[in-house]
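Given below, in the form of C-alpha cells, are the structures.
Look for subunit A in each of the two complexes below; its partner is subunit B in the first and subunit C in the second.
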Partner chain A sequence: MTAEVLVQGLVSGLLMGFVYALIAAGLSLIFGLMEIVNFAHGEFLMGAMFATFWAWALLKLDPLVSLPLTVLLLALFGLLVYHGLIRWILGAPMLAQIFATFGLAIFLRAAAQALWGADFRLVKGPLVDGRISLAGIFIGLPQLVASVGALCAFGLLYWFIRKTETGLALQATSQDRQAAMLMGIDTQRMFALGWAIGAACVGAAGALLAMFFYIFPDVGATFALLAYVAVALGGFGNVPATLLAGVIVGIVEVLGGLLIAPALKYAVVFSLYLVVVLWRPQGLLGRF
Partner chain B sequence: MRRAIGLLSLALSAVLATTSTSHAQAPKEVVIGAIYPLSGNLAQIGIDSITAMRMAVELFNGKSDLNLPGMKKTTEGLPGLGGAKIRLIVVDHQGKPDVGQAEAERLITQEKVTALIGAVFSSVSATTSQVAERYGVPHMNGESSSPTLTERGFKWFFRTSPHDGHFTLAMFEFLKDFEKKKGVKLKTVGLMHEDTLFGADSGKVQEELAKKYGYEVVVNMAYRAKTTSLDAEVGKLKAAAPDVFLPTSYTSDAVLYIKTAKTLEYVPRMLIAQNAGWVDPQFVAEMNKDIEGHITRSPFALDLQAKKPLIRQVNELFKKQKDNPGGRDISEAPTRALTAFTVLVDAINRAKSTSPEEIRKALVATNVPADQLLMPWTGVRFDEKGQNTGVRAILQQIQKGAYATIWPFDLAAADVIYPLPGFKDKK
Partner chain C sequence: MAPVARWPVVRWTAAGVLLLLLLAFPLVFTQPHPRHVVITIFLFAMLAQAWNLLAGYCGQISLGHAVFFGAGAYTSTLLGKYFDLSPWIGMAVGAVVAVAVSQLIGYPVFRLRGHYFAIATIAVGEIVNTLMINWDWAGGARGLFVPIKRPDSFVNLQFHQSKQSYYYIALGLLLLAFWITRKVEVSRMGYYLRAIREDQDAAASLGIPVAAYKQRAMALSAALTALGGSFYAQYILFIDPDSVFPTALSILICLVAVLGGIGTLWGPLIGAAILIPLGEWTRIYFGGTGKAVDLLIYGALIMLVSVIQPGGIMALAQRGRRRTG
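What follows is the complex of A and B.
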C-alpha cells in the first residue's frame, strides 16, 4: 500500500463524506425538531435523483441548472408529506410513526418502479465531467462540485438556523415545544418548515449525486443507512455535527476498505458508530 | 349416531371416488410457479425473464412450429396431457432469500404448483430449492451460477445453465489459448467479488483455478453488494496492478466500478467479468465507450444468429411482446429463463402426468439436442446432481458498443481487442 493510494483514498472519502453529510442533514433536522425518524429519507433522495434525471432527459437541463428546481420540488414534497401524513401521527405511539414513514418508503419505491421502470439510469455528459489530477491524485470533477455544493448548502442551512428569526424559532421549537408555543411560535408551522427544509437538503444532495451516481428506485436505501449512522454519530438534531459525522463516515469507509479489507469496510463504520454510541450516547457533539 | 357415521362415510367415499376419477383424467391445466426478482436491483432482469416465459406459455398453449424443446406441435396445449394448458404464477422475491423461501412455501402449499422455476440470485435459489426439496416438487433453474447449488445432492433441483466452475474454467482456458495465439505473457490476476452466494462462490472457484493454471492472485477481495462507494476497492486494484482483472458484480456495483475506475484512471490490461452486471442490456447501452474491450463469460450470444436461425425467430417474437417496451433484443437473462422453462415444460409433457415423481423421472431422462437450443451447447442432459452436462461457456467482448463472441476461437465472430483501450474521453 503506497502513500499515494492512501492519500487518494482520503481525498475520495472526504468528497463522498460531504455528500453523505448533506443527505444526513435533512434527517437530523427533522429528528431534532420533532423526534420523528423519517424512514423514507432514502426515497426522498431517490425522488430528487429521478427529478434531476427527468429534467436532464426531457428538458435537457443539466443537473446543476435544474438543482434549484429540484430543491424547490422536494421542499414542496416535504410539505405535502408533512400535511398529508406526519401531522396526523404526531401524537401517535412511536411504533405507528415508524410504520407510517416506513410504509411511505415502500410506497415511493414501488411507485418509482411502476412509473419509470427498473432500469439503471445515468445522466450522461453533465456540464461538469471528467477529473483533474493533482500530484498523481485524481479528483472527479462531479464529486468535487458535489462536495462544494454540499458545503454551500450546509453554510446556508447554518446561517438560516442560527441567524434568521425563523431559524431561531425553529431552534426554539426543537429545544422546547411547549415553551416555544407559549412564546407565540406557531409550532405547526415550524414543523412544516422543518420538513420542507429537510426535504430541500436531500433534494440538493440528490441533484448533486445524480451527476455521478446511477439512478434507480432502490438507490436511496444504501445511502439512507449511512445517513442514519451519520446522524447518530454526530448527535441527534445537531446539524453542524452531522457534517463532521458524514465526513468521518466517508473517510472511515475508504480507509477501512484499504487498510483492513473491502468486505469489512461497513463493519468498521458501524463498529465506530457503536463505540461512539456506547461512549457518548448523545453522539460526538450532542449536548444532552 | 350410527346413522350419522354411516352418512359421513358415504359422503367421504363419494368425495374419494370423485377425486380418484379426476386424478385419472388428464388435468386441464398445469400450474408452474415462477419466483423472480421483480423489484430491487435485478428487477429488469426478472421482468425480462418473465416476459420470455409468458411468451413461451402462449406458444405452448397454442400451436407453434418453433423448434424449441416440446414446442413444435400442431395441437393446442400439451399433447402428453390431453391438451392441458399451462398457467404461470409469477411472484417477486425482491432479491431476498427469506422472501424467496416464504414464496416457494406458499406456491407449493397454497397454489399447489406442479413445479417451480427461478430464482436468478444464487442466494435465493439456495433457499427456494430447499423448500422444493422438502416438499418433493421439481425445481428448475436457468440462471443461478453458484456451483454449490448442484453440489448439495438434491433430488429435485435441476440446472440447465453452466455454473461458475464451467465459466471460470472457460476464462482460464481462454487465457492460455490467448497467450499461445498472441504470444503475450499474462502472469497475475486480481479478483473482486460481491459478498452474496454468487460472488463468494465465484471468487472461491476463480482463486482455485488461477492457482491451478499457474496465475498469481495478487489481490482477492470481497465487497459489500450495493455499496455506495468502490474507491477503496479500486485503490487496492491500482496498488496491486494485476494483468487480468476478474470482477463478479451485479449491475449497480458494475456501474459504480466503471465510474470509479474512470475517475481514478484504473485500466487493467484485460478485464473478464463473471457475467451478471456486464450483460445487463441497459448497462451495455449506458456505459458504451467506457466498457469497450471488456470481456464477459456468457452462455448466450445474439451474434450467433447467423449460425442459428432459431435465435432470430425467437428474438423477433420477443421484440413484439407487449411487456417489452421499446422492442429490446432478447438478452442473456431471458434466453436462459426461456431455455430452462421449455426444458421443464417438455419434461412435464413427456411425463404425461403432473405427479412430481413422474416429472422428476422425465427430467432425469431429458435429452434435448443442440438444434433445439438457443445456446451454443451440445444439448441438455442432467447428471445425477441435476446439472446439465451439455453446457459450454463462451466469452464475448464489447466491440463498438455490442458484444461479439471471441472464444472458443472456432465460434468467434471477432478478433480479441488487447490490451484494454481505457477511457476515451480523458480530460
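What follows is the complex of A and C.
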C-alpha cells in the first residue's frame, strides 16, 4: 500500500469522523442528563435522512436548504418522544428504559418500511457535487461540506452548553440532579431540552449525510452502533470529548478497512468499544 | 378465585392439562401451518426461557444471544456436512461450543454493568456476525444447506413427510428449558442469581461469588440457546449468518421474554404464545407487501409494556389477582 492511499484513507476517515461525532454528541448529551441510552438514536438519524429526501423529492429543496427545517423537525420529534415516552420511564428499572427506546427503534424502523418501503433511495444531483483534488488526494465535495457542517454544528452545541445560561443549567443537571433542583433549575425542562437538542444534532447529521449516502429504513443501525463506540470512547456524558472520539472512530474504521480487510472494518470498530470500556471505562479524556 | 390459584395441587393439575393439550395438538391439527406456528412458539419460548435465566433471574441484559443460537446451528450443520455426524451429536457439541464461547465472552464483558454491558453484548454479536459472513469454510455470506438425509429418521433429525416429529422434539426442548429453569429457580443458585440481580455489591458483600455465578448462568443460558439453534437448522434445513446471527434475532428473543414477564417461569411461554402468532397473522393479512406490520406492532407493544408494566404480562396478572384476592 502506498502512502498516498493511506493519506487518502485518513482524510476520508477524518471527514466522516466529524459526522459521527455530531451523532454521538446527541447520544452523549442525553445519557449524561438522565443515564438513559437512546437505542432509537439511529432511527432518529434515519428519520432525518428521509425528511431530507422527501423535501428534495417533493418540494425540490436541496438538502442544504432544507437542513434548518430538518433540524427543527427533529427537535420537535425529540420533545414528542420525551413527553410521550421517556418522561414515563424516568424512575423505572433499567430494563424498562432499555426496552422502551428499543421498542421505539423497532417501531420507527417498521413505520419507515411500511410508509416508504425498503428501497434504497438517493438524493440525485445535490447542490454541492463532484470532487476536488488536493496534492493527489481526492475529496468528495458533499463529504467535505458534510464534515464542515458537522463541525459547525458541533461548535454551536459547544458554545450553547458552555456559554449560555441554559447550557450551564443543562450541565448542572447532568452533574448533580438534586443540587440543580435546589438551585431552582427545572430539571424536567432540562431533560426535555436535552432530548430536543440531542435529536436536533442527529437532524443536522442526517441532513448532511443525505447529500451522499443511501437512504433506507435500516440505515441508522450502523451509524448508531458507531455512535455508541464514539460515546464510550469519549466517556458517557462527556459531550466535547465525543469530537475527538468521533474522529478516532472514523479513522479506525478506514484503517481497519485498509490494513485488515474492508469487510471486517466494523468488527474492528466494535472491538474498539470493548477495549475501551474494559480498560478505560471513563473514556479517553474522562476522569473518575 | 384468587386463593385457589395458590394451591399447588390446582397449579400442577393446570400444568398437566396444558401439557396434555399440547401433546394432543398435532393429532387434531394435521395441517402443516398450525403445527409450524406452534413449533415456532415452542422454539421461541425455549430461547426466551434460556435468555430469561441470565437476564431475568441474574439481571444481565444480554442483547447478543444470537451468537449462541448461531453457534448451535452452525456447529451441528458443519459437523453434519464435513464429518457426516448425526445432528444429535452436533447438537451436543454445539452446546459445548456455545458454553465455551459464552465463557470467553463473559470473562471480560461481565465486568461491565447496565448499559455498558448491554451495548457490549450488541458489539460482540455484530463482531461475530461479521466474522461469520467472511468465513468461507463455514459458508460465508452464502450460508449452508443442511445435507438432506433419506428416509425420515429420528437419528438424522430430519422429517420430510410431516411436521409431527419436529413438533414433539420442539416440545421436548421446551420442557427441558422449563425443567432446568425451575431447578435453578428453587436451588441455592436461583437465590444467588436473584441476589446478584437486586444488588450486585450487596450480594458480593455477603460472600456470593458474583463473577462465577454470572458465568454459570451464562453457560446454562448459552447451552440451551445452542440446542434451539441446532433444532432450527434441522427444521429449516438452511442457515446463513443473516438468519441465525443477526442482532434482530437477539432482540426478538428478549422481546418475547419481556412481554411475557422476565424473571418468571411462565413469562417466556406467554410472551411467545402472543408474539409469534401475532407475527404470523400480520404476515398473512398484510403479507407479501414487505410492510413490516408485525414489527410495527411489536415495537408499539414493547413501548407500552415498558411504560405501563415493566414486569410484563405475568406482573399484570399478579397485580390483577392481588386486587381481586
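The rule is simple: the second predicted complex is superposed on the first by the 288 of 288 C-alpha atoms of A that agree within 3 Å, B and C clash if a C-alpha of one lies under 4 Å from a C-alpha of the other, contacts with A are read in each partner's own complex, and residues count from 1 in each chain.
Quick note on the criterion: contacts are C-beta pairs under 8 Å (C-beta built on N, C-alpha and C of every residue); 3 or more make two chains touch, one makes a residue touch a chain.
Just so we're clear, the structure is a prediction, and the values are computed from it rather than from any experiment.
Engineer: Superposed on subunit A, are subunit B and subunit C clashing or fitting side by side?
Structural biologist: clash
Engineer: I'd like to know which partner A:T164 touches here: subunit B for first, subunit C for second, both or neither.
Structural biologist: After superposition on chain A, A:T164 lies in contact with neither partner.
Engineer: Look at A:F138 in the shared chain and tell me whether it touches subunit B only, subunit C only, both, or neither; answer first, second, both or neither.
Structural biologist: first
Engineer: Taking the superposition as given, does A:Y273 touch the first partner, subunit B, the second, subunit C, both, or neither?
Structural biologist: A:Y273 contacts subunit C only, not subunit B.
Engineer: For A:A92, decide between first (touching subunit B), second (touching subunit C), both and neither.
Structural biologist: second
Engineer: With both complexes superposed on chain A, which partner does A:A118 reach: first (subunit B), second (subunit C), both or neither?
Structural biologist: Both partners.
Engineer: For A:A100 in the superposed arrangement: first (subunit B), second (subunit C), both or neither?
Structural biologist: It touches subunit C, and subunit B stays clear.
Engineer: Using the superposition on chain A described above, determine whether A:Q175 touches subunit B (first), subunit C (second), both, or neither.
Structural biologist: A:Q175 sits against neither subunit B nor subunit C.
Engineer: Contact-wise, after the overlay, does A:L226 reach subunit B, subunit C, both or neither (first, second, both, neither)?
Structural biologist: Only subunit B; A:L226 stays clear of subunit C.
Engineer: Check whether A:A110 is in contact with subunit B, with subunit C, with both or with neither, and answer first, second, both or neither.
Structural biologist: both
Engineer: What stretch of subunit B clashes with subunit C when the complexes are fitted on chain A: 134-142, 260-268, 278-286 or 296-304?
Structural biologist: 134-142
Engineer: Return the residues of subunit A at which the contacts from subunit B and from subunit C coincide.
Structural biologist: Residues 109-110, 113, 117-118, 217, 221, 261, 263, 266 of subunit A touch both subunit B and subunit C.
Engineer: Under the definition above, what is the set of subunit C residues touching subunit A in their complex?
Structural biologist: That would be residues 55, 61, 108-109, 111-112, 114-116, 118-120, 122-124, 126-127, 130-131, 133-134, 247, 251, 254-255, 258, 262, 290-296, 298-307, 310 of subunit C.
Engineer: Mind pulling up the subunit A residues that touch subunit B in the complex?
Structural biologist: 1-2, 5, 8-9, 12-13, 16, 20, 109-110, 113, 117-122, 124, 129-133, 138-141, 143, 212-214, 216-219, 221-223, 226, 250, 253-258, 261-263, 265-266
Engineer: Within the complex, which stretch of subunit A touches subunit C?
Structural biologist: Result: residues 31, 35, 37, 85, 88-89, 92-100, 102-111, 113-114, 117-118, 217, 221, 225, 228-229, 232, 236, 261, 263-264, 266-267, 270-271, 273-274, 277-278, 281 of subunit A touch subunit C.
Engineer: Which subunit B residues qualify as touching subunit A in the complex?
Structural biologist: 38-41, 43-44, 47, 192, 195, 221-224, 226-229, 231-233, 235-236, 238-239, 251-252, 255-256, 259, 262-265, 280, 282-283, 286, 325, 425-427
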